[in-house]
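Have a look at the structure that comes next, please.
We just call them A, B, C and D in the order they show up, numbering each chain from 1.
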Amino acid sequence: MTTFEQIAAQLEGQAIEVPSWAYGNSGTRFKVFGTPGTPRTVEEKIADAATVHRFTGLAPTVALHIPWDLVDDFAALRRYAEDLGTGIGTINSNTFQDDDYKFGALTHTDAKIRQKAIDHHFECLDVMAATGSRDLKIWLAEGTNYPGQGDMRGRQDRLAESLQTIYERLLTLGDTQRLVLEYKFFEPAFYHTDVPDWGTSYAQVSALGERAMVCLDTGHHAPGTNIEFIVAQLLRLGRLGSFDFNSRFYADDDLIVGAADPFQLFRILFECVRGGGFGPDSDVAYMLDQCHNVEKKIPGQIRSVLNVQEMTARALLVDRDALTAAQEDGDVLGANAVFMDAFYTDVRPHLAAWREERGLPGDPMAAYLASGYQEQIEADRIGGAQAGWL
Amino acid sequence: MTTFEQIAAQLEGQAIEVPSWAYGNSGTRFKVFGTPGTPRTVEEKIADAATVHRFTGLAPTVALHIPWDLVDDFAALRRYAEDLGTGIGTINSNTFQDDDYKFGALTHTDAKIRQKAIDHHFECLDVMAATGSRDLKIWLAEGTNYPGQGDMRGRQDRLAESLQTIYERLLTLGDTQRLVLEYKFFEPAFYHTDVPDWGTSYAQVSALGERAMVCLDTGHHAPGTNIEFIVAQLLRLGRLGSFDFNSRFYADDDLIVGAADPFQLFRILFECVRGGGFGPDSDVAYMLDQCHNVEKKIPGQIRSVLNVQEMTARALLVDRDALTAAQEDGDVLGANAVFMDAFYTDVRPHLAAWREERGLPGDPMAAYLASGYQEQIEADRIGGAQAGWL
Amino acid sequence: MTTFEQIAAQLEGQAIEVPSWAYGNSGTRFKVFGTPGTPRTVEEKIADAATVHRFTGLAPTVALHIPWDLVDDFAALRRYAEDLGTGIGTINSNTFQDDDYKFGALTHTDAKIRQKAIDHHFECLDVMAATGSRDLKIWLAEGTNYPGQGDMRGRQDRLAESLQTIYERLLTLGDTQRLVLEYKFFEPAFYHTDVPDWGTSYAQVSALGERAMVCLDTGHHAPGTNIEFIVAQLLRLGRLGSFDFNSRFYADDDLIVGAADPFQLFRILFECVRGGGFGPDSDVAYMLDQCHNVEKKIPGQIRSVLNVQEMTARALLVDRDALTAAQEDGDVLGANAVFMDAFYTDVRPHLAAWREERGLPGDPMAAYLASGYQEQIEADRIGGAQAGWL
Amino acid sequence: MTTFEQIAAQLEGQAIEVPSWAYGNSGTRFKVFGTPGTPRTVEEKIADAATVHRFTGLAPTVALHIPWDLVDDFAALRRYAEDLGTGIGTINSNTFQDDDYKFGALTHTDAKIRQKAIDHHFECLDVMAATGSRDLKIWLAEGTNYPGQGDMRGRQDRLAESLQTIYERLLTLGDTQRLVLEYKFFEPAFYHTDVPDWGTSYAQVSALGERAMVCLDTGHHAPGTNIEFIVAQLLRLGRLGSFDFNSRFYADDDLIVGAADPFQLFRILFECVRGGGFGPDSDVAYMLDQCHNVEKKIPGQIRSVLNVQEMTARALLVDRDALTAAQEDGDVLGANAVFMDAFYTDVRPHLAAWREERGLPGDPMAAYLASGYQEQIEADRIGGAQAGWL
């Protein structure tokens, strides 16, 4: 049995990127509920993100979404973030809120609209240059709602061509930038999605080159999909670029990571550890992509990064020698028992002590709630338009 | 083999209620696309609904949604509709867009909020009195997003109590009004929904009385659910009040009825015919509940009512004597062949002739497109706020 | 925060019935793997079941399946079981392995075949009389594979009639016997199942009388179904008769309870506790229904009853006052935190001590593996036909 | 609008391979029903397959399954088949019914067991040499039932190595033989499957070489999966080797192709036509893989090949110029209407005439039922063991 002491060092430096949009309002097609204290500006979102990091030590960067987070001076925004103790992370493009993209963006039959979408990605690359971001993340909302509406095959070819253009420009930025292509089973398109599964994302990024990777959003799969298998496979193929963490009971519910199926999160993180996707030698990016529709936003983010940390600790606790021995012995129940023993271990007191040793609050949630930050932003952020998906 | 001539008479009087909100804009949480010619007022919605009826002869009433369709004088609205050749149908309540309902309406722990939601339903009953509507349809968006967030059991009890209050008031309206309770698997709530399945709706309406019925929305089920079985069961139990027709590939996609799985629509309509849920002696209400996110709205509605009519014709064509004989003989393939023979029959030319005999255009869609109505509304409806889910 | 000491007394007397067939061989349609030591007789199955109880103190009865467990003298079998420290529990009927039932049993169009199936249930009632069993459990494998193959509505009516006949005979046995009707989403039928969901089982048993109840098999639902909601609903309606515990990733996988989604098991057991379905005043029967296809059978059963016990302890640990307070306050994250705190508590050391105080091994699995029982049965049970689903 | 005359020539030469095992008994884990006339030998299976071809002209080859169809002299078996007017098609391996494969075959941790599984595939290659078969089809039943039971990542690596060994031997057979790797979502393994999705199959066969292809079984996907998208994608990537046709409502139901969702079959075949996967220039193999659990087997196969033919005709009828025009015009309903028009066209009378022009019965099912073949085999095939999955 592995002890917490044996794995404590591996928890150092764990980083979970938070998304700027988690601090704004979000909801369903039926209703978006606003909450007091919601940021009105990019700077206020970054301040909230920095607060999550200050209390947890787990979230050193914040992802931006263009155009939601468009500012005039991204270099200044970067300095602003760094002054607050955080940094700018992944740049996310958006090709789903312009009327021109109603029937596609990078896949559109009209070359002018494709070029517009490509130009938008060039703009994102400019932001990366200004902010020092490593990753351009592309999630395509494209697809069709009715059989026959579009030519799925032709759209795939046009997508390949558009991505190639973007990728080539990205390579000019420097030696480390990456293009990360997200896949999603459905929504907002309801018949077909242009990048619906990891296989499509893998086929597309493989055709681009070594710095094109797959983004795995844990909420973007068909019911019953074994996600940890995909994690293992993408790590094996060298194409797991990043995670968008969240959880779901039904569709892309965007709930707090680990909330719906904590054991699944454990299995996913175990495959990361198993396959070299965790730790200082891994360049897999861990990000959140969630919507706090009914819960408070900053506490929702704190809960999320803590969930990932706690479950990472459990995944690290798996006695892999004992596991391998039982696996090779055909001892089904023995192997499962080794696995479950780590899952059922209560790491929370250990982690509280570990945090305190590092000058962090043992209970980050309690510390945040006691800090007065929430009351302060609720008092300060009066007037103006609360940030949302706009 | 049954012929079209044998079933033609049964198609007389088929009525498919259209929803006022189908003529307004709708979309996903990511984007609502507007379209030229979208109604700005309830009256314009009703005019569009009347147009669908004028070209198809299939949609003699339009359902209203309160408060989206709130007007000062519902008696006048009714006359307006009747002047256009249509009528006011089901009244739909809305308890999902008020901030007070964030954590529940009819199920809320706070009695004051429950009463507010009950009062809203009383208001809907007043609308029914003014419009002569028969049915109050209740779809509850209520539920929770996280395990532990709410007490599912207590919410169920409070729901029963709230419904009882509404039902008792409804009984005072007259002898024919009905309360119809819709169920939905998930969305907008992502952990639990307070009326998630037909069993819950059935248990709740059975506790109310004989004029409380179940509404079956064809898009509100778990993946793989055999919906026609539920149709058969609810007809058997005498509790099938109404259909909300649409179609889906994934979740509650709200696509055009019959678009995603035409064979499923056939099976559903066959069970209606089989179980007494179709024809002049049935009081099952056939309604659409769809969103035309990317397609034109009036043509989308025309396509929808035609799909229901065409598939009803196919369902009526099933040679039920031959079917029963094969079933009782254990002739699996023979029974299936009788069933499929009707499905594969092309009823479209027959229906075109049938329509023309009745003074309707043989091809309602072509007639609409040629009529100039669309161009007219696109020219006329400039300025103002296009109707949507507000 | 509730402590283990506060809930320890509530764990007294917890009983989880084990199925005789879990000790025999089972598998998939592709292959049934045999294992050394598998019982050849009903007596050997009961001996294994008694062994599970001896090491865990949790499984005081064993369910029988007729005709798999048919013996000449059930009174003698009962004494045999009692001598080993166990008892005979639920009697399960079987109407799926006789060629006559190819197209239905209790639902068949042929009255003679229906009567044969009814007579089989009468035989089961005779077994109950001889063994002192309380519950007759009916799982119907009936349904159709192709649309049109059967008349779903007529089958439902015939089912009602057949069940009525069985129920009336059951009432003559005494004052406590119950009929428990299981539902299942699909398999072995692939188009429609005659009792596919809790709503159908509820409608059927409600029509029978107060001693007809629903059996909830945790593996028999559509993907994504919120099972704990059904538990809460059936308890509310007074119709939750029994559980068939197991777990699943995809279909009716029949894996060890708690293995696939431990958090789901927690939520289910919490609703039992919440709704009066646990403890001395509840008559809800807790049973296992699993297949140990690749793992050892007796250890598989030990693991299963321990999983239920451990998760029951966690469910009891939920601080319900704190939970209610957070719920009523609209504190989503706070309520969820109270809930998760219990789930993440490691109850295993507490339970080990609790067992030792009661003269049981602290680690029942280790004690079993060290006992030599497995080696003994592997040595003894040579020759003869290993028990399976025959 | 395309007419049948315009597409009639394209139907020439359509071939749908039938599986030998469809003529034997099959069922579920609960029961296998036997039927009169079921073959006892490989030769009788081939005779039945030849009969399907004689009445339909659509099934010129029969696939074999090793070891179920093992004979001493495969050259003689080939001549036997050819004398009956049929031929030997794909050779299917089997690594799921030997006790040694309980925990894996090509993926096993034990090199001796992997070699045994590789040797079995070498044996299949020998059969191919003797029968002149082009394709070796590998479906792996491998996987695990419990988290932790196996090392998913290591299994994937061992699979790659085993496949490489088999592929290299296959290349020595000649210039045309192919290895076709099937994927399956789940069953018989219930936690993870070693080749669960098209992405995994694609990644594995891409690593092998140009003559390694993916087999798409239409029943082997997660609920809601857009299968026609995968067809389009694999054709685009040049890796669609073959289809295993069947249909499903829930899991791998193995129902008659087109029976559960005829519109899905239409969409799949349209993508074949669209993407160059149909016709004389395509080397995509069309096969059936079905189980006739409750229906008659030869009629079940006749129904199946007719379903594929009828739906192919509908897919060919799509007016692709009109479709493209509507797609490029953003005319969602227009494009869908072009698509649906072909689907709703009743091609059956046209196909009857087409068959008669070619000396085939216009109604193959009726001709078979009138032929006396069924009565003859029921009379002749008395005694012996009926073929099944053994």
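One rule holds for everything that comes next: contacts are C-beta pairs under 8 Å (C-beta built on N, C-alpha and C of every residue); 3 or more make two chains touch, one makes a residue touch a chain.
Predicted, not measured: the structure shown is a model, and the values here were computed from it.
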Same or different residue numbers at the chain C/chain D copy interface, by half rule: same
Listed pair (A-B, A-D or A-C) duplicating the B-C contact set, over half by residue number: A-D
B-D against A-D, pair bridged by the larger set of C-beta contacts: A-D
Centre-of-Cα separation between chain D and chain A, whole angstrom: 39
Sequence positions of chain A contacting 2 or more other chains: 102-103, 145-147, 149, 185-186, 191, 223-224, 226, 249-250, 259, 263, 294-295, 332-333, 336-337
Residue ranges of chain D in contact with chain A within the complex: 102-103, 109-110, 145-153, 156-157, 185-186, 191-193, 196-200, 202-203, 221-226, 228-230, 232-233, 235-237, 263, 267, 271, 274-275, 318, 323-324, 326-328, 330, 332-333, 335-340
Footprint of chain C on chain D - complex, ascending: 26-31, 33-34, 96-97, 99, 102-103, 141, 145-147, 149, 185-188, 190-191, 223, 248-251, 253, 255-256, 259-260, 293-295, 389
Residue ranges of chain A in contact with chain C within the complex: 223-224, 226, 249-250, 259, 261-264, 294-296, 299-300, 303, 310, 332-333, 336-337, 343-346, 348, 365
